[in-house]
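The structure that follows is given in the form of structure tokens.
We call the chains A, B, C, D and E, going by the order they appear; numbering starts again at 1 in every chain.
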Amino acid sequence: MKKPALPRQNGSAQKKSLSSLLAVVLFLVFFILALCANIIAPHDPWERFDPYLPPSVEHWLGTNDLGHDILSELIYGSRVSLLVGLGAAVLATAIGLCVGLFAGYYKGVTDEILMGITDVFLMIPRIPLIILLAAFLKPSFWIIALVIGFLWWTSTARVVRSKSLQVSEMNFVLSSKCLGFSDKHIIFTDIFPNIIQIVIPKFMLTVAAAMITEASLSFLGLGDPSMKSWGMMINFAFTKGGLINALWWWFIPPGLCIMFFVYSVVLLGYSLEEKEQAVLGIS
Amino acid sequence: MFSLSLKAENISKAYGNGRSSKKRRYVLEDISFEVQKGETLGIMGESGTGKTTLGKIVAGIEKATRGEIFFAGNSIEELSKIDYARFRKKVQIVFQNPEGSLNPKKTVEKSFQQVLELIGIPTEKRGEVLLDMLQTVGLSEDFLCRYPHQLSGGQNQKVALGRVLLLEPDFIILDEPTSALDISVQAQILHLLKEWQAQKEIGYILISHEREIISFMADRIAVLKEGRLAFTS
Amino acid sequence: MKKIARYLLALFIIISINFFIPRLMPGDPITNLMGEDYIVSQESIDALKAELGLDKPLLVQYVTYWGDVIRLDLGHSFHFHTEVSQIIASKLFWTTALVGLSILFGTLFGAILGALSGWGKNDPKNKTLTTFFLWIYCTPPFFLSLVVLYVFAFKIGIFPLRGFYETGTFTDIAKHFFLPVLVLSLSLASRNYMIMRGSIIQEKGKLYILYARAKGLLNRGILFRHAFKNASLPLITLVALDIGFIISGALFVEIVFSMNGMGTLIFDALLARDYPVLQGIFLIITIMVVVANFLADIVYGIIDPRVREQR
Amino acid sequence: MSCLHIKHLTVTFETLMGTVVAVDDVSFDHESKETLALVGETGCGKSVIASSILKLLPDNANLSGEILYGDKDLLRLSERELADIRGQEISIIFQNPTLALNPVYRIGDQISELFRVHKRASSKKSKAYATSLLGRMGFKDPEHAFHMYPSQFSEGMNQRVLIALALALHPKIIIADEPTKGLDDQLKEEILKELMKIKEEKESSLFLITHDFDAARNIADRVALMYCGQIVEIALSPDFFDEPFHPYARGLLKSLPSHDFAPIPGASPSMISPPEGCRFHPRCAERLEVCSHEMPEPIKKSGRIIRCFLYR
Amino acid sequence: GPRVGYGIAKNQNNRILRIGTSGRVRSANIFLDSYISVFAQLSNPSLMKMTPDGRIVGQIAKDIHISSDYMRWEFHIQEDLYWSDGELVTPEDVKFTIEYIRDRSPVAGWMKDTIDTVSISDEKAVILQLKRPYTRLDVEMATHRLLPKHIWQSIDTPMQYTNPGENVGCGPFFIQKIDLNRGVILFAQNPFWKGPKPKIDAIEVHIYQNIDVLSLALDKGEIDVFYNYASSYPYQNLKKIRANSRFDFIEKLSTGLIFLGLNLGKAPMSDLRFREALSFAIDYGEIIKLDSLGYGKIPNRGFLPPTIEHYKDTTPLEYNPEKAKQILDDSGYGDHNGDGIREGHDGKNLALTLLVRPVHARLAELIQDYLRSVGVKTTTKSVDTSTWINLKDRYRYDLTIARTTPWGMIMHAGWATGYFDSRRTGEGVLHNIDDPKFFKLCDDLLSTRNKEKLRDFAFQVQDYYNGQLPAIPLYWNVFVTPFHTKFQGWLTNPLYGIFNIDNFLNIEPAQK
């Protein structure tokens, strides 16, 4: 007589690949939106129709206070938002990662110096600095991405450092040192893979933060207000009565777009995570 | 010709809070010895006497509180960058805890490949060298794609050893190299080590608690007790 | 020792930056003091500048500034018409309450839920939770505050629309604090959730977790007794960093809920280029962040002996 | 009376290179109060058997068979039911002590935790008990040891901590995966003595996985020999060491120091595609014709269980 | 039990007027804080006031006598005015206040140069002896609050003075409390007020930092009326409150407007033809539709709206892009290199910087688009207010968007001259004209109080604007003020809207 088969713990492989497929698809959709905005958008986003129109066949998401077609704005907005979000997040994560890894690995004086710099950056009053830059720089969104990137790396650095302090004490790091691997090699191939789980969420969060910050920066006066981005759309939806008149088709879609884009990044992160969990055999 | 040697001079090591001397505990005190190429020094000692610590200090990956290590006559503290890199390649250690000394996020293959890359083996030859080494330490190809936690204790130990052997070092510090191996494999590995020593004139510092292994392998035997090293015949 | 030297140096630089950045911003406090139309002789502008100490060369001002910092004399505000220390003290009380509560709840909920979700399987329940927190995170705080206010204070009407208090009784204050604290806690929790989740995932493959299971601990027990402590390092860092951010980051929540806190103070002082107030606030924030970081460093050491040994 | 029946236990792992059959249809009984030594080649599946008993295998493992403990099938218990058994009734000493201990808790706290979780003891009481346990494990200053972290201990010291942990609650079955690895002779002796003492006192049984034949000879009642996922011989300890049946056992005995470390020729077999027929036949000096194409079944012979055509 | 909603239940008292504002009151200093001093005119009235039809008349001052050379001003003080602590209001208080302002207010620099002595005559009058003739002292005196001497004489450094508690005042109401943490300014009836009895018991000013939340509060009935100095209720929020039957609206064409400022010192803005071309490029109708949701009027080239005294009907502005292009072509701004952007006289592409504050972001977008379609490229530079003031004062812009305030329209020589006269400066003013002809006009305006002459000069100023286009008005805006119908009898004046004493003495709870 056969006993019932033991339940297998891991979910089906098919389901896993499905969610990573979804992530890739979602990500690509946004990418294509950004690339082919001029083909996909039903209208020129700067063309003015009647303002404050509710959704209709002609304007799926209605029009905004200037009479711009919101759907087209949304599609064009992906360009700036993706650029700013990803650009700033990549920059911030890269800087933060390097600083954190080096500080955690070398310890001692290097650590003190790097963390000192981090502290300074951390406490630089950001808004004044941004106002300062706004007055002297020509407004453009890649400057915004740069500014956010250069200011938002500090917490990543500190988080990475705290973890890499832990990891760099482990025997396998000693072992690599002894084999004569260069410090760079050890940092990036030994320590980094062992802290990636913290960097991934940090990166995702930075993407979202950058997209949103870009909008609040314009609130403070930095940036070109006529530039179309999701953050900007939300910003105008609020300053121009979107919420008070419950024009949800105006402020919800850009919010959703940010959310879904970040979600696609998150899903990508998760499929990485799952792949790793699968090989490590943990659930 | 000046013979290549690894020498420890007056090594002391204290653990505990740096400043308050009360809490400082000396694990090693005034230890000196010298190992020549091609020679095996066996070190025995009770658990927790500081064998591993001594090994790490000699390998240059832990700082001694006092004392110096000399490689080929030069203190390793004062080595130039190039010389240090050479020392780094030529003096290796195999850790007691084999799984801990392998990166949990790297497959066996990757662990090996990176060493091969490090020592500058051309890409096309790497596969061959790798398989050779696997065979030498008695692992099959199946293991290439495994992560350390997917290996048994002994298999981990073999990987760790194989990786070090690839470097063709002059000195290897072996910290309980066969503790996780069954006796047959242990025998294989010990023979292998002896063979390599004969071929390549490697100097071993063999740390083990097993008298038989030590006496089988070592030319000289020292016992570590209460922080001091005593040579026995 | 090294640590203290580093903090002192960082403090020196930051406090200097706090002096220079406001002054490098275009405009000065006097422009804002004037009003629509005026004719003032250079003489009276000079007199005004002298009164505010802006007539001296920047370097001299800088030296004076340091003297003031060391004496902890924050000076008086051009626009708020009181001692800077007094303004800050009065705002700090409310803001600390607001921020403190939010950090407390945000950290607790974020960390615990994040740990549970990272620990458990990636099932629909956890996915929903993650999506929820992502939503929160992707929503600008401004937006979130307004929506919450619209629904709970306007539509349902169980909470007040604005301010720290109306009558000043405990329940009154609690009612006023509920929504802003909710919003701030949620947005903090969303971030802590993500970090904790990742950190726990990193830990759960470790052998000691398996061994804890072998010891006969239950799943939750292992999570909270074993994995949690190891995984909390990054979170501690973040919480320490928060202190500074939230105080200024609370601005949007303060604006929506018409709370006259530090965020608003910074914003007003900034727009008015009120140097003493700006310097005062930045100094306070700097000190708080440094202290928080310092504490975080100590806590690291307590949590992880391997890190402590590095000292 | 037997207290652990292992019936047709098979454990496989999915890897990129194929399925690893780590344990292949293993059946044996473990009597109560008995010391059973499991010996065998590196990587033959000993630790996997140990982990399967407590169901501590990773996700990529597939289990089948039964592990009966009393009237319970351990493999089919829920996590909650298992939690009551783990540590309390069946304890395990992992092979890799340093990684098994939580780096951020003090040694002492990790031991007292057991009492707090299973016995709901007060913290003072459990501390006292933990300290005394450490003392019995050869720590000269147990108070001091209590306050140390795993990273401040040597490998051997952590090993002993793990032993202390395993003995703490006087479990019915102690599974010890190379408990004396890395310990010097004197300490080894002490620890084993301690182990046996507790075992006698509390009438526990010991499942000892070891490479140390001396230890096995000294303390084991029976010895099980494993090769490539299969148990190839089970015999009473004196019988086994005096006159091993299986050619692999004979080979092993020859690798002992007393024979100048003469290893069995040939390499360990792959566990993904093990040799046809008898798994040992490629390295066997006494192989028969059948060995290469037919797998020998375990048979009982003169009080032993043996898996070899020589004894058919 | 039943859930008691916040606000609604408590707001049953029909005799307390609750005003909602979103002004950023910074400190409890009625002398220096610019937002609180607007509200403080209720407790501390000014010597003069503006009537609903825009004339300046006495308030604390019963009547005034001005010497024919405008050098000596005699203000006769009301005799039955009492401070809320029971003290009589005396000329001493007035003298003290004027001297106090002159010596201690950073914004009253003009007084130092203008007022020679302040003295008191025995007939309860204050006499100001001036250093030079000044015709508009009465207008200035409509914006300064009277301070009680017996309180303020001990306050040497008003810059460091706040009083969150009772502020002694002599109006019908006085400030009882300024609680900025709670966000309210509470006014109670002045017990010693001898004038007509107010029909409401108290006034509360509630400060909201967000205008949308303020709108919600209004809708919900937590506040009765909206008030921001020189501002309309936000047009985009009107639709919602219009749907609330409990509210009614005051709609008035304001004396202020939104305009496009030009840096006249720089080419090509220095070229009148270019300015005219710009004026034809702008679609005023659309701006009104989009930016003011219809609450605006297409302005004339004469800048000033019809609500101003001595308004002259000048040429209305017109949207005619073809004409704009024609003018540009004719006056040497052709697109010779064919890249779609016209070149200036120096041969370089016309690329102008449009300097704006974030509030005008949307207008900037429109202007940018209009100019683009006639071949002029603009870049929007959005900065915060202080930066804007700074850059504007240093003439670091080509175009900018600004608004005027009611006070701004009458300051300096009046008729918006304060915005353009380069001899003056100030937060919101452009000071971009240094034409002697314009200076002469301003001086002429300042030289007389004769009605006929004034009208003549005012017409000339409007003709000057009409001819020279120093700035292009974008629209004249209508101020809308929603109020709860439980109060009736609202009076507004062009300077302070509903926030004036006449109004608060006049309004009363509606009869059911």
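Going forward, contacts are C-beta pairs under 8 Å (C-beta built on N, C-alpha and C of every residue); 3 or more make two chains touch, one makes a residue touch a chain.
None of these values were measured; they are calculated from a predicted model.
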Greatest centre-to-centre gap (Cα means) from subunit C is with chain D
Higher number of C-beta pairs in contact (A-C or A-E) found for A-C
Subunit A to subunit E, mean C-alpha position gap in Å, rounds to 44
Subunit B to subunit D, mean C-alpha position gap in Å, rounds to 28
Subunit D to subunit E, mean C-alpha position gap in Å, rounds to 89
Between the Cα centroids of subunit B and subunit C the separation in whole angstrom comes to 50
Check: subunit A positions touching at least 2 other chains come out as 131, 135, 169, 171, 194, 238, 243, 277, 280-283
Check: subunit B positions touching at least 2 other chains come out as 97, 99-100, 104, 149-150
Residue numbers in subunit E touching two or more further chains are 212, 216, 383-384, 387, 390-391
Given the complex, residues on subunit D that touch subunit B span 13, 15-18, 20, 39-47, 58, 60, 95-96, 98-99, 138, 152-157, 159-160, 178, 181-188, 211, 213, 251-252, 255-257, 260-264, 267-272
Touching subunit C in the complex, subunit E uses residues 3, 5-8, 24, 26-27, 29, 32-34, 106-107, 109-110, 112-113, 158-162, 180-183, 206-210, 212-213, 216-217, 219-220, 222, 383-387, 389-391, 393, 405, 407-408, 411-412, 418, 423-429
Listed in rising order, subunit C residues that touch subunit D in their complex are 206-208, 210-219, 221, 225-226, 229-230, 303-306, 309
Given the complex, residues on subunit C that touch subunit E span 25-28, 30-41, 44, 48, 51, 76-83, 90, 94, 146, 149-150, 153-154, 157-166, 175, 254-260, 264, 268, 270-273
Seen from subunit B, its contact residues with subunit A in the complex are 56, 59-61, 85, 88-89, 92-93, 95, 97, 100-106, 114-115, 118, 147, 149-150, 160, 163-164, 167
